[in-house]
Every structure is written in C-alpha cells, then in structure tokens.
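As written, the chains take the letters A, B, C, D, E, F, G, H, I and J, and residue 1 is the first residue of each chain.
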Amino acid sequence: TSLAPRLPPSSSTLFEAKKKKNLTFEAIAQQVGRDEVAVAALFYGQAMASPEDIQKLSQMLDIPVDQLESELSGYPDRGRCLDMPPKDPTVYRLFEIVQNYGYAYKAVLNEKFGDGIMSAISFSTKIEKETDEKGDWAKITLRGKWLPYTRF
Amino acid sequence: TSLAPRLPPSSSTLFEAKKKKNLTFEAIAQQVGRDEVAVAALFYGQAMASPEDIQKLSQMLDIPVDQLESELSGYPDRGRCLDMPPKDPTVYRLFEIVQNYGYAYKAVLNEKFGDGIMSAISFSTKIEKETDEKGDWAKITLRGKWLPYTRF
Amino acid sequence: TSLAPRLPPSSSTLFEAKKKKNLTFEAIAQQVGRDEVAVAALFYGQAMASPEDIQKLSQMLDIPVDQLESELSGYPDRGRCLDMPPKDPTVYRLFEIVQNYGYAYKAVLNEKFGDGIMSAISFSTKIEKETDEKGDWAKITLRGKWLPYTRF
Amino acid sequence: TSLAPRLPPSSSTLFEAKKKKNLTFEAIAQQVGRDEVAVAALFYGQAMASPEDIQKLSQMLDIPVDQLESELSGYPDRGRCLDMPPKDPTVYRLFEIVQNYGYAYKAVLNEKFGDGIMSAISFSTKIEKETDEKGDWAKITLRGKWLPYTRF
Amino acid sequence: TSLAPRLPPSSSTLFEAKKKKNLTFEAIAQQVGRDEVAVAALFYGQAMASPEDIQKLSQMLDIPVDQLESELSGYPDRGRCLDMPPKDPTVYRLFEIVQNYGYAYKAVLNEKFGDGIMSAISFSTKIEKETDEKGDWAKITLRGKWLPYTRF
Amino acid sequence: TSLAPRLPPSSSTLFEAKKKKNLTFEAIAQQVGRDEVAVAALFYGQAMASPEDIQKLSQMLDIPVDQLESELSGYPDRGRCLDMPPKDPTVYRLFEIVQNYGYAYKAVLNEKFGDGIMSAISFSTKIEKETDEKGDWAKITLRGKWLPYTRF
Amino acid sequence: TSLAPRLPPSSSTLFEAKKKKNLTFEAIAQQVGRDEVAVAALFYGQAMASPEDIQKLSQMLDIPVDQLESELSGYPDRGRCLDMPPKDPTVYRLFEIVQNYGYAYKAVLNEKFGDGIMSAISFSTKIEKETDEKGDWAKITLRGKWLPYTRF
Amino acid sequence: TSLAPRLPPSSSTLFEAKKKKNLTFEAIAQQVGRDEVAVAALFYGQAMASPEDIQKLSQMLDIPVDQLESELSGYPDRGRCLDMPPKDPTVYRLFEIVQNYGYAYKAVLNEKFGDGIMSAISFSTKIEKETDEKGDWAKITLRGKWLPYTRF
Amino acid sequence: TSLAPRLPPSSSTLFEAKKKKNLTFEAIAQQVGRDEVAVAALFYGQAMASPEDIQKLSQMLDIPVDQLESELSGYPDRGRCLDMPPKDPTVYRLFEIVQNYGYAYKAVLNEKFGDGIMSAISFSTKIEKETDEKGDWAKITLRGKWLPYTRF
Amino acid sequence: TSLAPRLPPSSSTLFEAKKKKNLTFEAIAQQVGRDEVAVAALFYGQAMASPEDIQKLSQMLDIPVDQLESELSGYPDRGRCLDMPPKDPTVYRLFEIVQNYGYAYKAVLNEKFGDGIMSAISFSTKIEKETDEKGDWAKITLRGKWLPYTRF
C-alpha cells in the first residue's frame, strides 16, 4: 500500500514545507547540525527531534513552532514506514545486501570483536557520493558501538 | 532451521579446514587478495571463486585442488543461507537498519544522484574496527555503482 | 484489496484525462517519445516523468501543467501497486513464467555471460502483437544491461 | 533452503553428466533441437522430455537410456524449484520486473488485445546476447498465445 | 477485512439496484443471455461486460446507461475480492476441494490429455441444483479448453 | 519443496506398481469400481481404501495384500500433498477458478439453496474429456450435498 | 487492526442498541428463542437472522424493522471478523486447544465414527458456567453432525 | 508436510504397538484411567505421561518400561504436530468453529464471567457420540477454569 | 501501518488529555493505585478500567466521566495494537528476548515447577530503573501464577 | 516441526549427559557459576560457552573436553530453535506478554529513560519461584542496559 498512511502527520507538514521552500536535505542538515540521513529519517518519523531541532526546522521551513512541537512530540514509533521485503528497488538493494552478506558480516564481526552485535541504536550512518571514470558511486557508512553479550 | 542444510557442500569443507588450520578470514583474505567479507561470503556459498582463488585456498587450507574445484564449480545460488527476517541478533541489527532508515536512504540517494539505485552487484563492502575511549566501534562500508533508470 | 488506494494521486488524474480524451497508450507514447509500457508505468506511478514528459502530457491530456508538475514531483515509490503473488490472471501469467523458468533463465544467463545479473534498472521493455493463422500472439521483450559481480 | 532437495532425481543425473562431458546448454539445445532455456528447464524438472529428447540426451550425455527414461517418466511437477520471492539476485531481477511493470503490462496488453491473458503454456521464450559500446545486454523474449476470456 | 472495500464502485451500484428491483441472478442472466455465475462475477467486478450487457443491465436494473458505462469501463482487475485461504465456509469448501484433490486432478488430466493445463480463461462454469430423496445437491461444472505445453 | 516427502509410504508403493504394470487410472478405476479421481486421490493418500479396494489393488498391481493393508491402514491425513497457492500450473488454474469466481459461486449457491454450504465430504467429482472442432475440453464436475446452517 | 472495520453495518446498530437498552445476550437469546452464542454471532455478522429474529430484535432493541431488515439482508460473509492466529487471549485459548489437541480429536473421532468429519454447519454450540470450591469453570459444548466421506 | 517428522520418537513406538495389539484409545484410556482424548494427545506427544501411565502403557502395549520411560521423559514440546490453518478437513472444521464463533464466544464468556479467559491448561475435554433418527452426532466438550485478569 | 487506526477511541481521548495536563504515567498510576505499565496498557486499550479507575482518570485528566465511561465500556479486545514481529526497536528487543531465551525459560520453568505454564492473565509486571557507574539499567519483572496442566 | 533438527550437535550431547547424570540446571549453574537460564540457553545453542565453562561442563557431565570444545566452538547462531509465534503454550505466554504489553512497556520506558532501548545483549535474566497461600508464582526478571539513540 501507499506510503502516506504509514507516516505520522508531521511527515506531510515537513515534506510539504521542504518542497515549497525548495530545500535539500543537505541544506537542512547543515542548518540543523545533523546528518542528511538523520534529517530524512526525522521527516519519515524515524528519528527524534530535539527542542533545538524543532526550533531550527520551524525557522527554515516556516512552520509555526507550536505546530511542529505538537506534531513531533512523543517518541517515534520506528519501523512503521517500511514493509519488508521492500518493494522499491532502491530500498530492496540494501535489503539484498543484508540477505546476501548477512552471515559473512556476522562471521567477520565475530572474528574481529568476539560474541556480540554492532548496535543499531548507538549508531550513525551517512551517504557519500564518489565519482570516477566509471561513473558515480554511492558509499554508505554504518558505524555502531560493539556490544558484547553479557555473561550471566 | 539450522544453517547447515542451507549451505553447499563446499561450506563444510572450507569451514572445517579453516578451523583445523586455525586461520582467520583476515589471514585468508590477505593471501587470496580479496576482502574478508568477500572471503566469508565465499565460505557461505554467497560469492564466486575464481580459478586463482581456488588455487590459493587449496594451498592455504590443504584441500585437494580437485575437490575444491568440483565443489566450487557452478555459479553461486545466492541468498540461500539466510531467512528474512534474520533471527540471529547480529544479523538482525543490519536488517533493522534497513527497516528503520530505508526510506531515509532512498530520499538522500535520490536527492544526491537522481532516479536510480545503488547497485548491489557492482558493489563492494568491508568492515573496520575502531576503538576510542567509549569502547569498540564497528564500521561497515557499502559502496555501489549508481545506476540511473533508463528512459525508454 | 483494490488497486486504487495503492496509487499516487497522479494516477487518477492521468487515467481520468486519458479516458475523457479517449486516447490510447500507443498514441500518448508516440507523442511523448517513450514506449507504451513506460507510459503505462508512469500512469501507475512506477516510472519517472521528465520535465518534457510533463509538458507533453499536460498538453495532450489537457491537465494544467502546474497540477501535473506537483503531482508527479518527487521520485516514484516503485512496486507499490502490485501485491505478490499477483491475483489478476493477466499479471499472474508473467509471475508464473518467472516461477517456472527462473532457474533456467539463470542457468542460461550464467552460461552466456558469467556471474552477474541482467539489470532491471538499466533496462527497457516492450510489447508487440503478432498474428498468424493460429491467432494472436503477445511478444514481450525484456532487455537489460549485464552487470558482472565486482570482485572484491 | 538449498535448491537440491527441490529437484527431481533426473536433475542431478543430467547436471552431473553435463559437467563431466563439459557441454553447454547451447550445444545440447542444438543437438536436441530445442531452445537453451527449454533444455535448462528440462534439467531443472520444469519441462517435459519427449522420447526423442531422451534418446538424444542419452547419447550426448552418455546416460543409459533406460535410466533416463525412468527418471524422466511422468509429467513434471512444475514450479517446485523456486520459492517466491526469489532470493538469488539474478532471478530476483526478473521477479522485480513483474512487480514493477505488472500493471503496465496488463494495461498495454488489454489495450492491444482486449480482455484476456498471454498464455504461459502456449508459450516460448529465449535469451539473446547483444553487445555494444556500453557493454553486454541480455535480451529475453517471452512469446505467448493471446487467450481472450470466453463469454459465458 | 470486509468485502466492500475490495469491490469496484460498480458493485454497489449493481447490488443495490438488484436488491431494489428484487431480481435474482437467474432472472438477470436469462435477460442478459449469460450464465448466472458469469452475471454474479460481473457484479463482483470479476468479469467484463459487453456493451450489450451494459444496455440490458441498465434497462433491467434502472441504472442510467451512462453511469453504468462509466463504472464498468476498463478491464476488470480480477481476483481482488477474495483473500486466500477463504474464510467464508461456503467458499472455503471449494478451496478445500482443490487442496485435497489438486494432484489427483492433475494426474487424471495428464493421463487423459498429456502435458498441459485446463484453461481458466477459455473457460465456462455453471451451477445446477439436483434433488433426490437424500436432499439437495449442488453440481458445479468447470469446463475449460485443454492447452498443451508448446515444445520449444 | 518436492512432492515426495509429503506423501505416505503407500504412495510410492502404488505409483511404482502402476508404472511397472503400465496401468492407467482409468483401468484401475474400472476394476476397483471407483472413479478415476478417487483412485488417483487414493494413490496420493487423499482418500481411504476399503478392504475390497485393497484386495483389488493388491491383485491388479501385484502388491502383497499384507503390505498394502499395513501401508493403507489408518485414516488419511488429507491435504498434506499440496501447499497453497499451488505452484504447478495445472493445479494453479483450479485454484484461480476458486479465487476468481469464489464469491460469484457463493452468491448463486445462496440464491438457489439459501444459507449453507456445498459439502466437500458428502461429495463426488469426475473429469470428462470432450472434443469439438476447436480442440479438446476438460470438464470437471463437482457434486456435493447441500448443507443448510442449523439454527440454534 | 481494530475489529470495527471488519464488521458489517448491522453490528454497530445492534451493539449500540444493546448497550443503550442494557440487555444481555442471555436476555436477548431467551426472547429470540436462540442460543446466546448464536445471538452474539448474529451481532458480529457471523450468523443469519430469520424474519422472526428480525421482528423480535427490532422490538426488544427499539430498532426500526426496516433498517434492521435492510442491514441484515443478504447472506453473512462469515469469518471476516477474526484474523488467525487470534491475538486476544480469550480467543487465542480456543485456537490453542485446536492446535494442541487437533490430531488427538481427529484420532478419537475416526476411531468412534470412521472416516469423516464433524460438521461445523449442521452444528450447534453453547457455553455454560459451573462453579465449585475451586472457582468458576467455563464449559463449551460443540455438537455437530457426523458426515462420512462419500465413496466415489 | 507429512505428520511423521513432527512427532517425537515415542509416537511411532506407541502407535505401532497399539496397531499390533489392535487396541482402541477407548480401551487404553479405561485401563490408564484417563480420557481418550488425553491418551491420543499423549500418543502425539501433546500430553505428559505420569510414571503410573508409563507403567500401564508398558504392560498393555508390551513395550519395555525402560524404553517407554526414556522416550517419554522430558516435558512435551506441545503444538508441534499441527500447522495452522489445518489442512485435514476433520481438524479444519474445529479451526473454522473458532474462526467463525471466536468473538461470539468471547462476548458471551465476558458477559457471564467478566474480564478473563477460559484456561486451556487447567482444562479437560472429551468426545461423545450421540445417535438419533437423523444420524450420528459428535459432541465435544471443552471445560476450563475461568481466570480473571489480575488487577495491577 | 501506523498505530493510530489500531487503537480504540478511548486511546486518543486519554493520550491527548495526558499531554494537555502534562502528566506522567507514574503520576497517574500513583493516583489510580495501579502500576505504570497497567495504566499505559489501559491507555492503549490493552487493560480494563474499573469504575473507580474511570472516576479517578476523569478527575485527573479532566475528561467528562460519561464520555470516559462510554469509551471504556466493553471488554478490551487485547493484542490489537501490535503486529508481530514488532518493528519498533524498543519493542523488538523484548520479542528477541522471547525468541532467544524461549526454550531456556521453558526448560528452567519445567525443572522448577513441573508441567505447566506461567499465567499471563493471573499476572502482573513492572519496570524499574537502576543506575550504576556503567549507566542506566531497565529492569522488567514478569510475575505470573504457575498453572499445572490438569490430568484428565 | 520438531525441535531437534534446529539444534546444534552440542545440544544432544549436553542434554543426554545431563539426563544420564540426572543433574538439574540449578546444580550445573551453581557449579559453572552462571545463571540457570544462561545454562539452559547454552544447552540450546543460544549462548556462548567460555573455555572455563567448557572445562566445568566436561567434568560435571563426563563429556570428553575435546568433543565439547569442538562442538561448542564457533559463535552461536542465535534464534534458530524457536519459530514465532511459539506453539508451545509455556513459551507462547511469554510471547503474549510482549504482544499485549509491548507498547505499554515502550511508553513507560520512554517516559523513564527517554528515546532508546533496553539492550537484549548487555542483558541478564533469571527465574525465581515464589509460593504463597494462593499457590506457586513464577517471577522472571529481565535486566538490560539502557541505550539512548545516538544523535547524528
């Protein structure tokens, strides 16, 4: 089904204002002092906005601060905007990478770090664009705290 | 169900030899001239071995080259070793990152590159370990060719 | 569930105008300079419209260019209009072809091209009608760039 | 799960003989007088072998004709070798094409032919390789009889 | 979920008019010159109406012909009104018959006709009522063209 | 997955004997005094054999009566040989008929019989072959007792 | 998802009137001359109302008979109000009983009655409350006609 | 898939002995002092055997007590022998009763007992056969302790 | 899909009032005399409110008692607000604990208590916050009555 | 399906030795210096054994240390022994607690700790038995580090 009904009301407020102001995530991110992916996640209701974020978004996007505070209050109910497996090819490719390399990642992580996980919470991520003679390359970095299993 | 029945016969040959020889993926990767994740993927039947890879693996792991050639012949039937959603927490965290940030990634990728996908085929990946005062951090890099949709 | 709620607002705008103008995809495709399947995909929100496409569609279909620009802005969220397995028999037959011949296609593709995939992005497709004494035949052509797996 | 347990016993007989004889599907197809995809489908238990096919396969592949007759007797139980959605990227791309363009295909087919389906039974398919300055292209053709819905 | 949202707008138009006119499918079928099951399928958006059908339905059911033409225009998106497995016991029993006797049907069909399918497109069906001392019996007849697999 | 592991041991006994004796379901059915579909269902473990059936099958198929009695003892665990939706095209077409016409059947059955179901237990079915100038037609008849809902 | 959208319009009419009138299913059942479970099923759109039921419900619940006749006309589309497995613990326990004892029930039923089923159509059910020193006990009785499989 | 692989080793021991001794569940139940359904559940690995049960079963069925003790040791892993929804019609009818009447049961239970559940653990069940002029009737009784939700 | 449509109308009434009054679950719980988790469950429609709860909530939250009585009347339809597996990481971690330790819990529970279950109905739960030099720790306690299986 | 095929070879080694030695998890846990649940998890292949654990288990259970080292080498592939939703009632009740109280837990956790998760990795758990006049109570404690989402 369409994406819209899965999103919180803040999403349409933010996306419409961004479109009207003709702003990129890059520009917003720079202003807010967060990464582009974090800002996009915030737009999709997948990340939390601090009071300062709300202030800055309100200013840049010309949205009354009261409305934004009210719509962005509460803790995000994460994961709601995507059904797995993803149908959109751009998102599917990321899913496919986990499906194909999942156990290879686990094997190398265990070898390098021991028994544990790479946190997806104490975590940051970013996208970079690289260009060479063969064309453009997207580089996505995932960086998370290593959490060893507690022995009990 | 258990992982074992999903793997091709080459997997147990390779894993057993690696264990007997007490070798790390890092050491094998250096010898073979490939990345650790690629080598682990090869062990799980998720990547293809070149004739040179087979030669080197045969030597390092003391596996008859004929056996390895026979077991690694044919094109990998990728994706077979992982059922989604992953149950193992280490692999699940990667799945969760796609689930939570999937549309944010798409939005930023589209903004930076236009309409298309980051290839998971013309693609490489690696894992790095970083340590600071807060502890260890895993850094996973995904790097893929940007493919714009063909207009037709 | 019904198709309508899965489609973006642009879909009803376009389909209604097409019906009112009594135009075929063939006619629209000729005017826009794209293939019929691409135009139909665009109507279902599965392909992106260039600024020129929007201009031409606006003219042919008598839709204000502003409305069309607004409704077709943003990158398509592909795959949203079809739940798999397809229930409609016309679409199911295509699914069945993949289900029945999937591994045969892979085997022949690997034999002819090596380890890789036929791109569905750097890709075009068309439908032709052929008639002989036995009746009508539909011929669907899929043509995609061959992408070899990167060795890493 | 692994592909092997889904295949009929004839599959391992045929694949092993093909490997030992070092024959391509192309060569076998030429000899048998069928298309490469059909021959590969036959290897995967997805197509039926005629008595002549069995004779020729027996000769080319040095398999006793009795064994082949016995293993290939009975009607194929089609569709058994692939779980949908496909996990292997090469097969997934074909699935994705149906998912993304399914309704576009239906719309154009209906426009060109009326209410009905393209048969997947009264059907043939082939793969061609094309090369230009941009690289290699795979071209897959699907050709099926158009079946109009009976009015009753 | 309820049936209503899965049906096209024509369904409520037709069902409401049928109820108001207090007509049976039998009576409508006789007038339209089609089978009762076909007429019911048309009401559920599962079969296509010819221009003559629309004329006759418009007259019998007192629906403006323009409205009916508009609502019934376009090709049916079949299969949308039923989620499988069916929950309603009347429909489930038919599903159960396929589940229990599916391979028995295939075995007998193959024995009688060879390798192929009974078409569900070049197809008609009807329901008859029979009464004997034991009570009432429903007899459903499925009649489809036999389509042999094309050798290619 | 393959059909074989879903079948009771009696299935391979019966199918192998049938093949060796080169008998059709038609011939067996005539001898046993049951319908071909019932006999095929019995082969697939989907119908129960009476002591007389066992006697006759033992004779015709040259299977020791003790073995057959032992393998066919116990009540069938029906439905086990088919996963829904069916993947084999021959069986899928029957599933599709239920999917497409399910509610139309229910509507006509209710109109003709009231609130109830057509029994799939107090039920018989048969397949007939008809040939006309257009080719061969398969006719499947389903006949079940009408069971009205008890008022309580 | 919430229960409400799965229910027919009659459900809210009936439940609201019951609440306003402060009536129990027991009281309504006594008046209508049906069992409490049947009346509750009728409220959820899972059982059919006879003309007399409608008369009595209309009187007891102060609902215009026309409205009730219109909303309860048509045959129930059973099973629509519950997704399986049930999430509500009260309903889940019943599901669990079938899951845990399903084959034990079948084994004992077959032993006592032969090859067949207990009808869920020619069927009635009731709930009784029993109290002893250990507390309250719910007793649910399911009573259905035994239907032997037809030999054909 | 077939039932056998889901059952613990004790199941085949018990069923084979029962068949050899030609004993009914009724006879075994009388001897063991438990209900027939409980005994059948024990055979399917769905109920626990007390030391006395093991003694009596060993005697009646001529199974060495050591073997039985060993095979029946440990706590049952309940629910393993049935996949939901059930495919066998005899078991499906019980599932259908829960699907159709689930919310009606809940509504009447809540009305009679308040907020809580009927326990499926502090629970017993039995099957009775009743015969009248219309034929045979199966009567299944479910009796469970009522557990009110704790207020906390 | 978003959480909102799964919740009963009482949820938005309660959450909005809580936000307006700027009250914590802790404060409400203290006033109502229930645990914080129970109060939050009540807000999500997962627990029942006693008449006294309604009185106190009405006062604290300034909601007309009639409205609250009406919205909270009826027995909760539990489980409706969460689809499993949970997508939100905070909830997923609890699911993961059950997935990873489920059989270990069962083994230890059986060893300590015998054959039975820990009730989720005669049950209470609470969350505590603990802080030490390593940071904050959440402690969740689940406490349920042990119910042994009835021997029958 | 049965639990056994999901477990690693170490599981049967450990469980059989435990049974032969007639040891409880409590006794083993005391000796090994870990919690009972952790030890049970280790038996099911859900937790990692340290070299000291292996030494102690080898001694207590009379298993050659080489065999245990070999079977317990490698990092656990967690989650493999349980399919969700759990079918066994003892495990299901824990699942139900998450299903019913999941969002209530999240709401209270967020209120007490802010935006983050309770770790299931930096985590311990235990089971206690409490007895009062009403009977036995199981108390399960879950204790995990609170991880706030990183702002990026």
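Just so we're on the same page, contacts are C-beta pairs under 8 Å (C-beta built on N, C-alpha and C of every residue); 3 or more make two chains touch, one makes a residue touch a chain.
Predicted, not measured: the structure shown is a model, and the values here were computed from it.
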Contacts common to subunit F and subunit I (chain labels): G, H
Measuring centre to centre with C-alpha atoms, which chain is farthest from subunit A? F
Have a look at D-F versus D-E and report the one with more C-beta pairs in contact. D-E
Measuring between mean CA coordinates, which chain is farthest from subunit D? I
Between the Cα centroids of subunit C and subunit H the separation in whole angstrom comes to 54
Using CA atom averages as chain centres, what separation in Å is found between subunit G and subunit J? 41
What is the distance, in whole Å, between the centres of subunit A and subunit H, each centre taken as the mean of its C-alpha atoms? 50
I need the residues of subunit J touching at least two other chains; which ones are they? 1, 3, 37-38, 47, 78-79, 82, 85-90, 92, 96, 99-100, 106, 110, 116-117, 119-121, 123, 125
Would you please name all pairs of chains that touch? A-B, A-C, A-D, A-I, A-J, B-C, B-D, B-I, B-J, C-D, C-E, C-F, D-E, D-F, E-F, E-G, E-H, F-G, F-H, G-H, G-I, G-J, H-I, H-J, I-J
Using the touch definition from the top, list the residues of subunit A that touch subunit C in their complex. 1-3, 19, 86-90, 92
Flag every residue of subunit B that touches subunit I in the complex, lowest number first. 85, 87, 89, 92, 96, 99-100
Write out the stretch or stretches of subunit D touching subunit C in their complex. 3, 24-26, 36-38, 40-41, 43-44, 46-47, 78-79, 81-82, 84-86, 88-91, 93-113, 116-120, 123, 125, 127, 129-130, 134-146
Which residues of subunit H touch subunit J in the complex? 1, 5-8, 73, 77-80, 120-121
Sort out for me which residues of subunit C touch subunit B in the complex. 34-35, 37-38, 47-48, 50, 75-76, 106, 110, 115-117, 119, 121-126, 147-152
